[in-house]
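Same chain, two partners: subunit A is paired with subunit B first, then with subunit C.
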Partner chain A sequence: MNAILAVARGTFREAVRDRVLVLVLGFGAVVLAMSRLLAPIALGEGPRITVDLGLSALGLVGIAIVVLVGTQLVHKEIERRTIHVVLSRPVSRSEYLVGKWAGLTATMAVAVFGMGAMLAAIGTWVLGPSIVGPIVQAAFMIACANAILAALAVLFSSLSTPVLSVAYTLGLYATGYWTNDLRIFARQLPGLSGEVLNVMSYVLPNLDVFNLRSQVAYGEGASVLHLALGIGYAGAYVAAALALAVVAFERRELK
Partner chain B sequence: MPSILKLDAHRRTPTNGTPVSTVRPASGHPAVQVEDLGKDFRHPWTRRVKTAVDTISFEVPEGQTFGLLGPNGAGKTTTLRMLLGLVPPTRGDARLLGRPAGTPESRQDVGFLPENPYFYDHLTALEFLEYSGELAGMSGKAARSQAAELVERVGLGSAARTRMRKYSKGMLQRAGLAHALMGRPRLLFLDEPMTGLDPIGRREVSDLIRELRRDGVTVVFSSHILHDVETLCDRVAILRAGRLLALGTLEQLLADGQGGAEMVIAPRGSLALPPEFVGATIEPAGPRTRIVLAEGGRASALVAWLVGQGHEIVTLSRERRSLEDLFMDMFQDAHEVGGDPERAAGEPVAAREAGR
Partner chain C sequence: MSRGSAAERAANAARRKALLVFLVAAVAIAVQLTAVQRRLPAREPLGELAYYPSGTWLQQAAFGEATAWADLLWLRAVQYYGEHRMVDNEFKQMAHVFEIITTLDPRFQGAYVFGGTSLCQEGKQFEAGVRLLEKGMRHNPREWIYPFELGFVHYVNKRDLTRATFDFAQAARQPEAPEFCQRFAAWSGQKAGYEAVAFELWRQVAETTDNVYMRDKAIQYLRKLIKGTDQERNFEIWVRSLPPLDGGVSEEGEAGDGDPADEEEAETPRGQRMSGLPARRGATS
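Then we have the complex of A and B:
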């Protein structure tokens, strides 16, 4: 456990000093500001547009950190051989990967919750304090969705090049919000292709579970059951992705 | 360039800070046990197999300084990486301090300096060493305290809070040494520790290794700098193309009747050597006589005979082969016999090995 925390702290410290993070947060701040600028042309829906766009900005910042930092996390360490520094210590490869994921997730979560706090302040200004709770819930669910993508990014990064890892992670991010539609489509298809698509719709991460944007824009939060199921699903998916990463990484040559 | 160790000119021991390690009793196990260890790499596309390390075996008792010597591509680094679990071996077994190599437990008391170390750009040396200490299982407070001590010890005190992306190669090497020493390991692996260091830095690292040996730390280092190995190591393994050519103490490797002896005597009367010294050359040297023996191993017998005959020995000098001579002979032979290191070695490693 100490080794995991040490690796996570090291990853966090390295990530927060990366200039990429500043750029991503700057981009998020610009989108947040734009959400207010667009309000006057939203035909009376200005406050809701503000929250909706703001939550989109949170999601984009989260996925940008996961993709830009996470997809090269392990690969960069292997290329530069800094991984030798870690794995020549009494640290197992599984502890290393879990620590990397934890550090990346912490970095992403701090950014998402930091921006969530800014959005909550703006939301309080335009919709009143009742919006704070739903925004916190939405930010939490965005962090859960990105924690899954972080685990997948660590998996790809430990096996592949950064370019391919970016492609895989973004591909899963895009399909992750369409798994329900994919399932419906699979039911329409006859035979084996329908079966395959159906299985895929369950294997791919269902990120739509974590999307509270529309309801929060109308000031509604999620039920406790929804939140609990989301946390459980995220935990299970992260555990499965990291277990796969560990199995694949265990015998990897670190030349 | 700051100095790694500030040494007392007379005592040749560190005078600043606490020791880099403390003397610890031996565990009863050899520090390193390697048995038939080997590594093949397979090309991912052609599937062609390249043997980086053939089947090698050796042991390093605790407290020794052991040198892995060989030219580039000899398999030194791959051997170290297999011992640390960074590269899984294709065959064979190894143990570190009695524990199976490759497991996190085996690395509990182990420090490692990688070749051409490259560390985290955004961390300062202090932060990096704290991180290293925490990875070694130290508490945050203990890691901070030892990191502060070691940055001073390796001469990085003034740059301790500078991010490492601004470090020169020599400074990175020093940071790497400090990293290897975090947690006060009982076994240290140093992969080309002198690389990137200026002559002063190399001298200081040599002194550090001697200090560690005094403290009972086992040091295994790879190098192709023969002088470093010759002056620091208790035992040496010479590798070529992944094969172990020779293994033993320097005395054993450099002896074997190699090198001659020369003596100058003040003769009493005429001098005629007995038949067992046939081949010795006798030359007048002014009022004295110079005798040169091709085989230095017979010098003692000749001295005894000369003294018995009443001749006075003025000087006696033995020609000692250097490690460089041995190395060059070994690798020249390898070229002459078509690059087969086993044939070049003349006899199997087991026969050449001694002193285990």
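Then we have the complex of A and C:
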């Protein structure tokens, strides 16, 4: 556990030092400000649009951090050979990977919750304090979705090059919003192809589970059951992705 | 030392040359662009809206951000409406754009109401407007606003009192329906004077909307209805007393814009000041 925490701390510090976090947070702040500036021309829809676009910015910031930082996490250390320094200490490969994921997720969560706090302050100003709860819920679910993508990014980063890792992670991010449609499509396909598609729709991450944006924009939150199921699903998916990453990474020969 | 300063002088000279080239190129770009733009045929304002794909397609391509896309399109649609209202009063793409917005966000009340009523009135596409409002009702069956607006457009645009009565009554049955839904159902059911009820309907819009264009439209219609009556002065005071709204290009003055005497009168409650206007037309029973 100490080894995992040490690796996570190192990853977090590195991400903060990398300036990516600053750039991404700067982008998020600009989007938040823009959404507020657009409000006056929205003909009465300004407050709702501010919250809606703000939540989108939160999601984009999270995915940007996961893709920009996460997809090169392990690969960069292998290439620089700094990984040998870490693994020569009492740190196993599995602890190393889980630590990398934890550090990346912490970085993403700090950014998402930091911006979430800004959005909650703006939301309270334009819509009243009742919007804070739904915004916190939405930010939490965004962080859960991005934690899954972070685990997948670590998996790809430990197996492949950064460019391919970006492609795979973004591909899964995109298909993560199509899994429900895939299931419907699978029902219309006959035989094996339908079956394969159906299985795929369960294997791919279902990111719609974590999407509360359309509810929150109208001031509504999710039920406790929805949140609990979302957390459970995210936890299980992260565990599965990291387990696969460990299996692959344990076999990998590090030059 | 001398070699260093010579290199420095050369670097400075190169920088100055580069800056000069940049300035000349910038001026050339500005001149050419202005000349080219003058020769290009005038584009239809926001004509690109015609090329927007269907809402169903966009929903798939939005990757969970469908409502954010709906918001951005709403801003574009508002711009489209404003541009065409000032230029040619033609709204060819409006039905298409509002259809996309409401597919991306089926709960977007402002888009249904503004799009539906605008299509029925200045858009001169009554069927498309009704379709949009009916879509709103389908997706939000417990909301009173959609049947109410349907009653509104059938009453005001088509003078179809039977359909309007049905719609107002439908609105009145919804859980959070305000009391005036029942009132309008009764008035249109009793075939009360058309102008008086229309006046009340438009007044309701002017007083309750958050949309500056909707309010402008309501005031224009009210002004037409009240023209030539002895209530014109009171009407203008009432208009000035309405709280200002954000956005758009309002054709009406902001609150408190008139002379001091008017402002003093404008402080009285709106409902009181305007009461009796429809009755003057001898309609509301």
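One rule holds for everything that comes next: the second predicted complex is superposed on the first by the 255 of 255 C-alpha atoms of A that agree within 3 Å, B and C clash if a C-alpha of one lies under 4 Å from a C-alpha of the other, contacts with A are read in each partner's own complex, and residues count from 1 in each chain.
We take it that contacts are C-beta pairs under 8 Å (C-beta built on N, C-alpha and C of every residue); 3 or more make two chains touch, one makes a residue touch a chain.
The structure presented is a predicted model; accordingly, all values stated were derived computationally and were not measured.
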Side-by-side fit of subunit B and subunit C on subunit A, or clash: fit
Contacts of A:W178 with subunit B and subunit C, given as first, second, both or neither: second
Partner chain in contact with A:S56 - subunit B first, subunit C second, else both or neither: second
Contacts of A:L155 with subunit B and subunit C, given as first, second, both or neither: neither
Three-chain overlay, vertex subunit A: subunit B-subunit C angle, C-alpha, nearest 10 degrees: 150
Subunit B versus subunit C as contact partner of A:L38, first or second or both or neither: second
Which of subunit B and subunit C A:V112 touches, first, second, both or neither: neither
A:Y218 touches, of subunit B and subunit C: first, second, both or neither? second
Which of subunit B and subunit C A:D208 touches, first, second, both or neither: second
Partner chain in contact with A:G46 - subunit B first, subunit C second, else both or neither: second
Partner chain in contact with A:A147 - subunit B first, subunit C second, else both or neither: neither
Smallest distance from any CA atom of subunit C to any CA atom of subunit B, in Å, after fitting: 26
Intersection of subunit A interface sets (partners subunit B, subunit C): none
Interface residues, subunit C side, partner subunit A - complex: 60, 62-68, 71-72, 74-75, 78-79, 105, 107, 110, 114, 209-214, 245-248
For the subunit A and subunit B complex, residues of the former touching the latter: 2-3, 5-7, 9-10, 13-14, 17-18, 80-82, 84-92, 95, 251, 253-255
Touching residues (chain side subunit A, partner subunit C) in the complex: 38-46, 48-49, 52-53, 55-56, 59, 173-174, 177-178, 181, 207-208, 211, 213-214, 217-218
Residue ranges of subunit B touching subunit A (in the complex, touch as defined): 41, 81, 84-88, 104-105, 107-108, 110-112, 114, 117-120, 122-123, 127, 131-132, 134-137, 179, 183, 189
